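Below are two complexes that have subunit A in common, paired first with subunit B and then with subunit C.
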Partner chain A sequence: MKQITVSNVDKIYNPTKENAFYALKQISFEVDAGEIVILKGVSGSGKSTLLSLIGGLSKPSSGDIIVEGEAIAKLPDRLASRYRHERVGFIFQSFNLLNGLNVYQNVMAPLMLSEWSGSQMEAKIDQALQIANIAHKKGQKVSDLSGGEKQRCAIARALVMNPPIILADEPTANLDTHNSLMFIEILKTFKAMGKTVLIATHDVLFEETDVIDRCIHMKDGAMVV
Partner chain B sequence: MFSKNLIEYAVILLFKDRADHLFSFTIFTFIVSLLSAVLFVSDAIRSDLTGAAQFGPDIVVENTLAGRAYKLNEEDRESIADLAGVSAVEGDVEGYYYFSQQRVWFHLIGDSSLSLREMSVGEGVKEAMKLWHYDDAFNFFSMQGKITLKMVKTESKQTNILSNDVIFMHPANVRAILGFKVDEYSKLLVTVPNPSEVGDITLKIVQLLPTVKATSKEDIQASFRHLFYYKGGIFMILYWVCMLAFLILLKNQISLAYGEKKKEIAILRSIGYAIKDIIALKFIQNAVVAFSAFLLGVLIAYMYVFLFQAPLLRAIFLGSELGRSVEFTPIVDLNLLFLLFVFSVIPFLAFVIIPSWKIAIADMSEAVR
Partner chain C sequence: MSIFLSYEIVVFLMIEVILLVLMSIAQAAIVVILRHWNFEASSALQYRLEKKNYLINTILYFTVATKIILFLFFVQSLNSLSGVVPGAMCSAGVVGANVYGNLLLLLKLWLIFGFGLWLIVNKLDLAAADFPYLKRKYWLYTSLFIGVVLEFFLEIAYFGDIPLNVPVFCCSVVFQAPKLPFGYTQEFLVGLFYALLGVIVILNVSKNAMASFLCNVLFLFVAYYAITYFFGLYVYEMPNHKCPYCMLQKEYYYIGYVIWGALFLGVFFGMMPFLVELMTKKPHLRLLKFSTIYLCLMTAVCTFYVVRYYMMTGVFL
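This part shows the complex of A and B:
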């Protein structure tokens, strides 16, 4: 079943000015539910821009992005926010955790938009922390964590709402080989959970694993066939 | 309006940024307490003055020529008493007596209810006399020799604004000490039963005796109301201090939406927070700070003025040596307090919510990379 359909998507920065820049040109592809897809390319090839469009963080200049039958590029802020909240989990290169809060408080952030009770939230947070293997650090400030631990905290936060889609932007760029391999191990868990995963990366470690279903190569904002 | 979970998370974020919020809280409390203290002091003074004037005569007549006071006589009193609409005219003697040891002036006022050996004094007078061991009685020196009066009563603290430097004594004693003859008065107190006739009669008195100044009760109350109008230089300085502190506060408020906070907003947006949720978070955090700082500021001002009797500020308002013993009556003008709330809390909230909203509506994809 097609879960994500990207059709003729362009993303142009400063479109009306002389320095107009085509970050994405006529991108089209489809991703099945449960598929793990790599967006591969050098820095500036448009991988992160494409992920931010699929995640509803920004809107394409033209073209459509259909996720589970809904054109997310046309959603108003309230519905786009709900889409990010319920259907997408983000894992960022720089982790993007809220400094000053502990692991538990970071993971609870998405849940605070819901009406769940304290005990329901606690159960969901504990489950996400277990999957990401960071439960033992839940009371610790994120600023005191190592890079790998921060990454696992970010994974727990991405999973806590149990979204069907996980988007990871250069998830291993700030990790050593050991922690990068641990992330690839977590991908197997995602696979087992039936998550659809899109990863923007140029890390060769991903090429050596059999958990990846497909690789989309990108160069200068376009797909390379 | 806001979900319980969102309020809880706003409080968690508030504690996370407690250093920034503590700065805002401290400055805001300082501003509110300073302004509230000024309001409380001026309200208490105005209330005491207008309250005291309420029980005064309908018209007070004084004889002034080229700005100096002259005595009125029995003939003047009788001519005013003959005016239609006037029910009574009472001659009053009062004036100032210099207490050279302490270098202060006492205000002597005639009061027929006191005997020839008694006097009733204001708090300031009592303290000044006590410093020179006049605990129960005081010796006045007059053209007729020494007059010793026993202190039988101290005036109510609620009327201290007016009675602080006052000594009430039998009119005969005032005459003796200040050198007034039996048919001479310093003031004439006119009673007019019909309030609507007071204006006309005031005018008639001035026509009858062109050198006199006739002041109605309403005029006296109006002058009291304007006495502590917030225009004086010292108040302007206080207000400028508050304005400067408020600008520093607002700058700090804006910074709560930029820098690291800008990224924080982008992170929250990326995990599903809508623009309204971001605004709600910022509103809750800053409303907690603003409301608690406002309440604390008002409480501090209340205690400072009415419990500790406004040290430092009282000298600005009352000035005189005797003014030290004035006790402020607890009066709170809720309308002014509400205005202070509106003009402080709303800008405080706006200066963090508007920048936060501007950040929240921007493309967040670059900020979270």
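This part shows the complex of A and C:
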């Protein structure tokens, strides 16, 4: 079953000006439910822009992005926020955690916008912390964590709403080899959970693992066949 | 001295000019949106229009809300001008200073109602996933924009034609014998007022939007005369003071703002469900509850003055 369909997507910055920049050119591909796909390319090739479009963080200049049958590029801002909250988990290169809070509170943050009861929230947070292998640090402030631990906290936060889609933008760029391999291990859990995962990366470690279903190469905003 | 040197008028007209400029910018963009909008398309033009739509909505939300607030400032300014216009003791003298005054006030009231309708339809449009009422709400805005341009020129004509060296008529006129519509007596008018209110409450409770709309339009006129020619007498505690404006003054604790404000809000919420349904083809009946609340509040305040006067003096005026 096709979960994500991207059709003829362009993203142009400053479209009406002389310095118009084509960040994406006629991108089209499909991703099945439960598939783990890598977007590969050098810096500036359009990987992050594409992830932000699929994640509903920005809108294309033209083309369609259909996620689970819904044209998310057409969603009004309010519904796009709900889409991001309920259906997408984000993992960023620089983690984007709330430094003043501890691990538990960071993972709880997305749930604060939901209507779960206290005990339901607790169960969801504990489960996400277990999957990300960071439960033992749940009382610790994130500013005191190592890079690998911060990334696992970010993974737990991305999972806590149980979204069907996980988008990861250069998730191992700030990690050493050991922690990068741990991240790849967690991908296997994602696979077992049936999550659809898109990873923008140029880390060669991903090429050596069999958990990846497909690799999409990008160059200068276009897909390379 | 020119009335345009009055600081209330300077501030008022400056804000009006700013709003008119913003609304003109929005209107220009709306013409493009109305011509090319196709939500099904995923072309570059459609995405640009969708982005522009957010900008336009923000501008319009701000300007429309400001226009509604500015109406209160306009009413307050008329009151202040009574100190400048010779012969005027309250807004009645200022509004009646030339032929444009009452026309302008009436136009402003209808525009406020129109803006209120626009805000409701806009809210429903933004709540949906596919902007289902976008074209209708922009056609409504376009008609309101024409009204706003007309209003601006009427304001210039009105303020420019207020005589500052010839005394104007004021409450001296309204102090005279009552001029009730269709030769009605005061008792009949008050009876009609309470009967119509009762009917509106029943219609609102039974959620009959169309009948409530019609009754509210009728009630607006009946209530205007009832407040001016009956309840006002008890507010002023004078048998011949039949002025709709004096109760807006400090001497009467600004109670006119509560009475007229509640009346207009009540009538507005009573009219809107039917008009919103006309525009969206979907019932929007929960506003009727607010109509009942505001109209009952207005009636309670008016009735309080009558009862209080009777309890103090033992007679009716």
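The rule is short, and it goes like this: the second predicted complex is superposed on the first by the 225 of 225 C-alpha atoms of A that agree within 3 Å, B and C clash if a C-alpha of one lies under 4 Å from a C-alpha of the other, contacts with A are read in each partner's own complex, and residues count from 1 in each chain.
Criterion: contacts are C-beta pairs under 8 Å (C-beta built on N, C-alpha and C of every residue); 3 or more make two chains touch, one makes a residue touch a chain.
As the structure is a prediction and not an experimental result, all values here were calculated from the model.
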Clash-or-fit label for the pair subunit B, subunit C on subunit A:
fit
Would you check which partner chain A:64 touches, where first means subunit B only, second means subunit C only, and both and neither mean what they say?
second
Quick test of understanding: once the structures are aligned on A, what is the angle at the Cα centre of subunit A formed with subunit B and subunit C, as a multiple of 10 degrees?
40
Check whether subunit B or subunit C contacts more residues of subunit A in the superposed model.
B
Counting only touches as set out at the top, which of subunit B and subunit C does A:108 meet: first, second, both, neither?
first
Once chain A of both complexes is superposed, is A:93 in touch with subunit B (first), subunit C (second), both, or neither?
first
Touching A:74 in the superposition: subunit B (first), subunit C (second), both, neither?
second
Using the touch definition from the top, say if A:10 reaches subunit B (first), subunit C (second), both or neither.
second
With the two complexes overlaid on chain A, what is the closest approach of subunit B to subunit C, counting only CA atoms, in Å?
10
Take the contacts of subunit A with subunit B and those with subunit C, and give the residues found in both.
77-78
Considering only the defined contacts, which subunit A positions touch subunit C in the complex?
7-8, 10, 12, 15, 59-64, 71, 73-79
Per the touch rule above, subunit B residues touching subunit A in the complex are 3, 5-6, 8-9, 12-13, 16-17, 260, 263-264, 266-277, 361, 363-365, 368-369
Along subunit C, where are the residues that touch subunit A in the complex?
39, 42-44, 47-48, 50-51, 54, 126-131
Which bits of subunit A are touching subunit B when the two form their complex?
48-49, 52, 55, 57-58, 77-78, 81-82, 84-86, 90, 92-94, 96-101, 105, 108-116, 121, 157, 161, 169
